[in-house]
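Shared between the two complexes below is chain A, which has chain B as its partner in the first and chain C in the second.
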Partner chain A sequence: MQITTTHPQPEVAHSLDLVGRFDAFEVPSFDDIIASLPSETGQTIAVDLSQVEFIDSAALASLVRVMKRQREAGGDLILRKPSDPVRVIFELTKLNAAFTIED
Partner chain B sequence: MSANETAAQSGDTSVVASLTEALVNSNDRLLGLIRLTEPANDTLDETTALDEIAIRAVKILDLSYLRLTEAAGQTTPRAPASDHQQRWWRGERTTAKPTTEQPDGTDAEWSAVQPLNGNAELSLSAFRPEPFETGDTKVLTAVFNLMAGAIRSARLHQAALRQAVVAQEHNAAAQITTAALQPGGTLPFSGALDIHALCEPARTTGGDLWAWHRTDDDTVWFAVGDVSGKGLPAAVLMTTVVHALRNAFVQSGLAGPGSGLDPAELLSNVDREVFQAISQAGLFVTLVVGRCDANHGLAIANAGHSPVYLVGDGELELIEATVPPLGVIEGSSAIVWERQLDAQDALILATDGFTEQRNPAGELFGEDTYASALLDAVSHPAASDISEHMVNLLIAHADGREQDDDSTLFVLKHKVIG
Partner chain C sequence: MSTNARSSETRSSETLSLYREWVASPITDPPVYSVVIPAYNESERVVFTIGAIATHVSGLGQPWELIVSDDGSTDGTVGLVEDLGLPNLRVVSDGINRGKGAAVRQGMLAARGDYILFADADQSTPITQFELLLEPLLHGAAVSIGSRAADGATVANKSGLRTALTKGLNLLVRSAIGLPYLDTQCGFKMFTRSAVHDLFGRQLIDRFSFDLEVLFLADRLGLDVAEIPVEWIDAPGSTVSPAKVALEFLRDIAQIRVWAAQGRYDTIHNKTRSGSEERKTLADHNYSSSA
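What follows is the complex of A and B.
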């Protein structure tokens, strides 16, 4: 999986674009990058999922951890443009009710 | 003898003495090189091996100081490029000791650099009052290669040890998993119901779970779930959820006929008991809980679990999740799905080990293939045959590829007599 971090935008502190499979093998790299981002209270992180072709439960758990961490600090995690396979998983697990998802 | 002849003879003697000294020195270096190789074979401890090589090098080359530096490249975002470790040894005639002192700048210096692993770099510097000759640099190069070899051997050994620990952890996780789950197969004492359950753990243990309980009033409770992630944390959480479920099942039965909980209330009770443990572990658990009463009335509550299907008479009904998995949002209340289980129906609960199994080309078995395969599978009268049909299809799809995740299947239907 390729992970690209982009420059801060007005509404989000950090934006990440993910490309490829997002599974248990990719979670440590994703977690490392998230941990390396400078964090301040109330910040929002955006993750673009438009080019993710597969997501498994370990990756979903990683996103849940980031979402909880950001919300506890007064910010949020925004998931952007989930691809169809990813959207199906979010709907089946009802995790779409837990996340802020933007199309 | 003339003065010239005496001078010539004296010169010859000097050349011979010089050659002899060179030969002795060369021989000493050869012997030194042989001695150098001895300690490196005796230990796999990095510090001990480096100390022993340094002591020999100091003795052979009469060094005042020896310095080994390891500079780590930027291998992860957490490791700054400036990371480096340095070890110094101070020469004391025939031996050397680790030190923090440094040479005063008057000594001659020899240095060399070589890559270690990935982006890391190793450098060796030797110091002594006398200049280093060609032969000395050859010996120092051999010393350097030995030190690098000792580091690589020690770290490979450590990596092998870590792998062994991981393998041990996996075995422990697999044993915990096996011990916590009820025995699978065709479930005994299921009254008028035919129930078959199977759970095939993958090599890297996941967190699939299932449980069932029949109360005194012939109500059958059942559940299938999946802890996100793999390994020991997932296995430990799985056992926590299984115990909470079975407690809740038994408590419901103790409440007496008709006064038990509905599946959404039971799910909430389990969520209350396990939420903190799941949340603190940074994981979540998809869980579907169902109840089938003595009159075949089905009631199901689903927290983020898939796939859950009622299959019968050529039709499929997907029983969708109404709340996210346990551990994500505390206090969610699921909506109960209710239906009568007809004679031709089969309720089939599975985990994503079925739908996400890949073949050698990397293609998933997939939700659609799984769903259409269920329509064929339910033509079998026995729950165990339905399970076997689905497992055979999964094995055929995998086509020799290793199982990607735990695979769990739970089939519940009317018992067919004869």
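What follows is the complex of A and C.
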């Protein structure tokens, strides 16, 4: 999986674009990048999932951890443009209601 | 927005719309495709795999069915799948753990599609490879087998041990049983309905080496088998024990030869089912609900 961090936008402190398969093999890299981001109280992180082909339980758990951490600090995790299979997986697991998802 | 982006978005919208139709009501026409997922204690992975498969195959625009063939799971896999409540998703199970070969046979014989794929629950071969296997069947082949060793295949994250095991097994297969395939064990194989009847109707092995038996039978029956290079990712959490599988292979190669000599493969003994043995209620079995 490729992970690209992009320039901050007005509404988000950090934006990450993920490409490929997001599974247990890739979670450590994703977690490392998230941990390396400068953190400030109340910041929001956006993750673009439009190029993610498949997501597994480990990846979903990682996203839940990031969401909880950001919300506890007064910010949020925004998931942007999930691909069809990723959107369907969020729906089947009913986690679409828990995340902030933007199209 | 670029033209490519717009056409990709349109495709995406159509795929999602077809998926929403598929989950909303039972198909009315006979299925063109069936996808069978053999499952043993797959509660952590099966919903994700169902999501990926359901999205992609619905997007092909044909009536199709999805079958989870449970192998006596004790981790709540069956309940988890049934709780999804998808009208074109069936669970078949007798609640007994026999082995992958038995689970695949059970699912394949329950399938009603013209073209029937079995795909491992870990999505190690992504469902996006579906059309690659379908193509030869549309042009007369009876069986398409995904291959990690054929020219053009891509393999990622495979451990050294698993690479060595696969190479060893394939060498063994080619020398001991005379099959020409570079990879007999990829968990992504597609059959015409007629081939399912001929092959899984005769298949006897309940363990991992059933693939080998099925290909041996296809060779004996003179069926046209296409070996197709696929993308393969060694998915985390594999439940395969390399040493156990290698020992089973040695035993089963000998067993296949004995059964063939005894004429055990001359007749069809496993009948295609109409679905009458599907599980109807979870209460029939004592599955754990600790998903």
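Just so we're on the same page, the second predicted complex is superposed on the first by the 103 of 103 C-alpha atoms of A that agree within 3 Å, B and C clash if a C-alpha of one lies under 4 Å from a C-alpha of the other, contacts with A are read in each partner's own complex, and residues count from 1 in each chain.
Please note the rule applied: a contact is a pair of C-beta atoms (placed from the backbone, for glycine too) under 8 Å apart; a residue touches a chain by one contact, two chains touch by 3 or more.
Source: prediction; values computed, not measured.
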Overlay on chain A: chain C relative to chain B, clash or fit: clash
First (chain B), second (chain C), both or neither touched by A:Phe25: second
First (chain B), second (chain C), both or neither touched by A:Asp84: second
First, second, both or neither for A:Glu53, with chain B first and chain C second: second
First (chain B), second (chain C), both or neither touched by A:Ser36: first
Contacts of A:Ala97 with chain B and chain C, given as first, second, both or neither: first
First (chain B), second (chain C), both or neither touched by A:Lys68: first
When the two complexes are fitted on chain A, the stretch of chain C hitting chain B, from 5-13, 113-121 or 149-157: 113-121
Common interface positions of chain A, toward chain B and toward chain C: 24, 54, 56-58, 60, 88, 92-93
Contacting residues of chain A [partner chain B, same complex]: 24, 32-33, 35-36, 54, 56-58, 60-61, 64-65, 68, 88, 92-95, 97-98
In the complex with chain A, residue positions of chain B that touch it: 76-78, 226, 228-230, 279, 282-284, 286, 303-307, 320-325, 327-329, 352, 356, 364, 367, 405
Complex contacts: residues of chain A adjacent to chain C: 21, 23-25, 53-58, 60, 83-85, 87-89, 91-93
Touching residues on chain C, where the partner in the complex is chain A: 12, 15-16, 19, 44-45, 47-48, 50-52, 54-56, 59, 84, 123, 126, 128, 157, 233, 235-237
